[in-house]
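There are structures below to look over.
Each of the two complexes below includes chain A, the first together with chain B, the second together with chain C.
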Partner chain A sequence: MNCDKILSLFRSELITVNVGPKLFAEALEKQGYQTVQVDWKPVAGGDREMQEILAVLGGLD
Partner chain B sequence: MNIYTKVERGRYIDSLETLLAASILNEQPGLEIGYAGMATEPFKDILADICLLTEEIKGCDGSCYVVAARAESQAAFDAAVAAVEANLAPKQEENGEGEDLPKAYPSIKAAVEACPRANLCSVAVPGEYALAEVKKALNAGLHCVVFSNNVPLSQEREMKELAREKGLLCMGPDCGVANINGAALVLASVNNRGPFGICGASGVGIQHVAAILHEAGSGVSQTIGTGGNDLKNEVGGIMMLMGIDALEADPETSYIALIARRIGDQVEPAILDRVSRCKKPVVAMFMSSDRAAVERTGAIWAADLDDCAQKCLRLIGKDYPLETEAQIRERAAQVVPCLAREQKYVRGAFSGGTFMDEAMHTLVEGIGPVYSNCPLKEQWRLPDSHRSVCNACVDYGEEEFTRGRPHPAIDPGVRRPAILREAADPETAVILLDFILTPPGHMDPVGFVLDDIRKAQAQTAAAGRQIVFVASVLGTDADFQNVNDQRKKLEDAGVLVCKTNRRAAMLAGEIIRQKQERDQHEL
Partner chain C sequence: MMTIEQQVNAANDRVMEILLKGRPVWIDVRPALEVIPGMTRTRILVPGPPLPVERLTTPIRTAVCGAAVHEKLATTSEEAWQMVLRGEITVEPAQDHQCGCAASMVVSASMPVMIAQDRVFGGRGYAPIHPGPNPKCLRWGFYDEDVERDLCWFRDHYGPALGRAVRAAGGIDLVTVLAKTAGMGDENHNRQPAASMYLALQVIPWMLDQEDSERDAMIRHFAANDRFFLHPMMAGVESLTATMKQVPLSTVLAGMGGNGVEFGIQLAGTGNRWYTAPAPVIKGTFLNPSYTEADLLGYLGDSCVTEVYGLGGMSAIAGPAYMRMTGSNIAEARDRTEKARAVSLGEHTFAPIPWDDFRGFPVGLDARKVVGYNILPISHGGSALKRGGQGGAGAAELPMECFKDALRGIYREALRLTPARM
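Then we have the complex of A and B:
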């Protein structure tokens, strides 16, 4: 397998996009690593039917 | 007591915060039981189980934040809700105010646009949403570490196939431990950097081996947690195979350690074949694999986690001596004379499955059947996890205890009642405990239970018995909680501390074995 992208990660400064509890981002920041928080919420407030409609319409990024 | 509720429409609290909210709620005075969270269907099921599902909550949807409790009065409920809010509020302010603090973005796409140098995505959303978020992250060019669990195996395969196609890591779902570029991700310990690359399907296993390497003055280049299901036939070991490729290609990695509890029969040949072609020395701890098959690949076979770490260290001419069987026998012999006649059994209270399994396998060798909520054999299942019988171990990370609360690695309160309950049983001779350190975890997990340990010692002494505590602490001196400080607190309280979980289980088992021998002689 081509490992270029993984080796590039190993050589780079780690910057983490955190999707979910802020506790994990805070733990990384305490270790001195940069994080970017995503304010995640279930799409359409967790409404299953609406999620399916949005997916069909391409509304889920 | 009556049921009181509070509903806030349009407010979203993430899953871990709601669990912490529920923990805080249940510690408030005047409340019999309470629960908080987003009003999803699984949340309503839990409320129904604990008889808190009202008509009002039935009508709520997943966009409503709900607090429900059986309380002695409206005032007690309001005070409890205020206590929860006090713990949630500072984080919200941090997020919304203060210009120098990082802003939160509405989506992965927006986060990557704002920070194009981002290279990893940590995903910890409810399992049903994990695939969608991981696909977004991989499509945005981010490697992923996925803590979410309960992801269907077909979806795990889908995300890992996409990762492989893109040449990106997808560690998890259900990945508890990974160390990338020196950072401890999810529930990993903080480790020194060093020449060992670890790839494993057991988070605690990786953490354990890495911690010993650290303690012996070496360290890890990278650790890649694949998630516990990666080696199942349905997933095909995709990430284990990619991990071996990456560690083999990584110039900072000189040696590779591989850790797996069970490998699917259709996956094993591919893994063993890949190991046989690996150009770097490999130490393999494949618990379910045949030793000869592993050794035929040219890898160094390791019997257990302690052995894996020790065999890694031997590759660099270092040694990390663990307690020997003779030392364990001697230590046991010192405490056995203090046990009262009726004290016969070991009671283990564990914060996770890997260490409990390891302890039970170790105990069974010396003292026979060990009863449990997750037993090694079905006939050893405890009818009630809150009531131990004979020699028994309970995993407090199991869903029956963590429903409505965070995992004991984050909230040690889940396991707390076990100490006094087990000590109150006159047949308990030894209480066996594990402690696991991690940056997002409790800042003083040992301190949290010390009062109960002392109380248990005092209560048993008053009843004319002496209870023996045996424990191990997994972590490093680079963890914020410092493993040495945590061990010292236990030792100062009279707890017998062993270097590893397996050694602690060996000591606990040896105490029980010698006690049985003494009782037989007396007869």
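Then we have the complex of A and C:
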């Protein structure tokens, strides 16, 4: 099995994709690493009732 | 068989067709009793969602009682109030009758109202005539001999004259006014000098040859009112929502307004049903430096129905001067418009905003996106003082609870219409 691609990935510069609180990305940035913050929030701000209604009504990309 | 989501999407497509292709035209001015559906001699229409009469705010109570005296239903405001409490005079939300009442304005039977007709889908909407720059008026919750004289002048001269002029002109196409004045700095809820002036150019020639002892005074009054366009535009939006509200299951915003205590919205899919929450306070600038937030009522008036059509805060970037006047800036204007775009289903093409890369104003606010993305649309507005009068101007976030309750309403309606699928 050729593992060159995976090994080259580990040898390359680390860029972290962060999903969730930006705090984690900021901690890595302070240590000199590059990060990419994904703009993601839970549907309906985490309101479970609304999430269930929206699962039926749809409309979100 | 379509899923509920497919049914909602199809309903919203239909409503977007009405919003994007509808053509509201100001066609006439007539007494409210003659034209507004469900209007009676003892009924007074008020802004915002329904409120028990005991909770009506001071300016609305003053305007309701003033209108009752104006109609000769009572001889004094106190007598009128007792009739309201006994139910002999009924008070109903104007938007339930396809009418919009800005600020503290109310509509009674003999008052002249502007009629707009959507020439594509056929709906009709109504709004009273803007009273002009004099702050002492029914529209801001005042009533005395001077206001009564003005109301009579509107009823006996100004209203009929405007009606004759508009009929002679063959109607004033409101979309054309918006298109012609695109890029002139109006956001068309709280700032509309360009639209009002362009409208005056269309109407005044038809007033010049009228036989009326008050002709010159009427033209002077009309020409001096740079906010005139707001009210025909409100009637125009109501002419569209009249058709939108006939489309079951649509989650698109079809009405909104405040009564000073509660703010309410209506979705096309449930017609005139209101979804309410405590009214937000409009924050911005005060007209008098001695005013404080404690002097203000919550959101009051139906003028925000223009935002259903994508005007005002929805397209804040179109009106930089209003942002400046209310202590805000271009970045905030862009943010308001982008927020609206994120939760809207379409964009108008007839009035591109030059400094926004000629994009149109967003339209068709989808309650699913507001709740799902947790993005609150921002409406512009003038704030009302608790004692009556205008306190200031600015903006307010629309309450999320209205939109959540509205989704519950559509969800229940969807289950009722398609029980077999659940």
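General observations
Quick note on the criterion: the second predicted complex is superposed on the first by the 39 of 61 C-alpha atoms of A that agree within 3 Å, B and C clash if a C-alpha of one lies under 4 Å from a C-alpha of the other, contacts with A are read in each partner's own complex, and residues count from 1 in each chain.
We take it that a residue touches a chain if its C-beta (ideal position, glycine included) is under 8 Å from a C-beta of that chain, and two chains touch if they have at least 3 such contacts.
Predicted model only: the values in this text are computed from it and were never measured.
In the superposed pair of complexes, A:F10 makes contact with chain B only, with no contact to chain C.
By the touch criterion defined above, A:K41 lies against chain B and chain C together after alignment on the C-alpha atoms of chain A. Once the two structures are overlaid, the count of chain A residues touched is higher for B than for its counterpart among chain B and chain C. Annotation: chain A residues 41, 43, 45, 47, 60 touch chain B in one complex and chain C in the other. Across the interface of their complex, chain A is touched by residues 3-5, 8-9, 12, 251, 366, 368-369, 371-374, 404, 407-408, 410-411, 414 of chain C.
Listed in rising order, the residues of chain B touching chain A in the complex are 12, 14-17, 38, 40, 61-63, 91, 95, 102-112, 114-115, 117-126, 129, 132-133, 136-137, 141-143, 147-148, 164, 166-169, 180-186, 190, 221-222, 241-242, 245-246, 249-250, 252, 410, 438-440, 480. Contact residues of chain A toward chain B in the complex are 1-10, 12-28, 30-31, 33, 35-43, 45-47, 60-61. Residues 41, 43-45, 47, 50, 53-54, 56-60 of chain A are the ones that touch chain C when the two sit in their complex.
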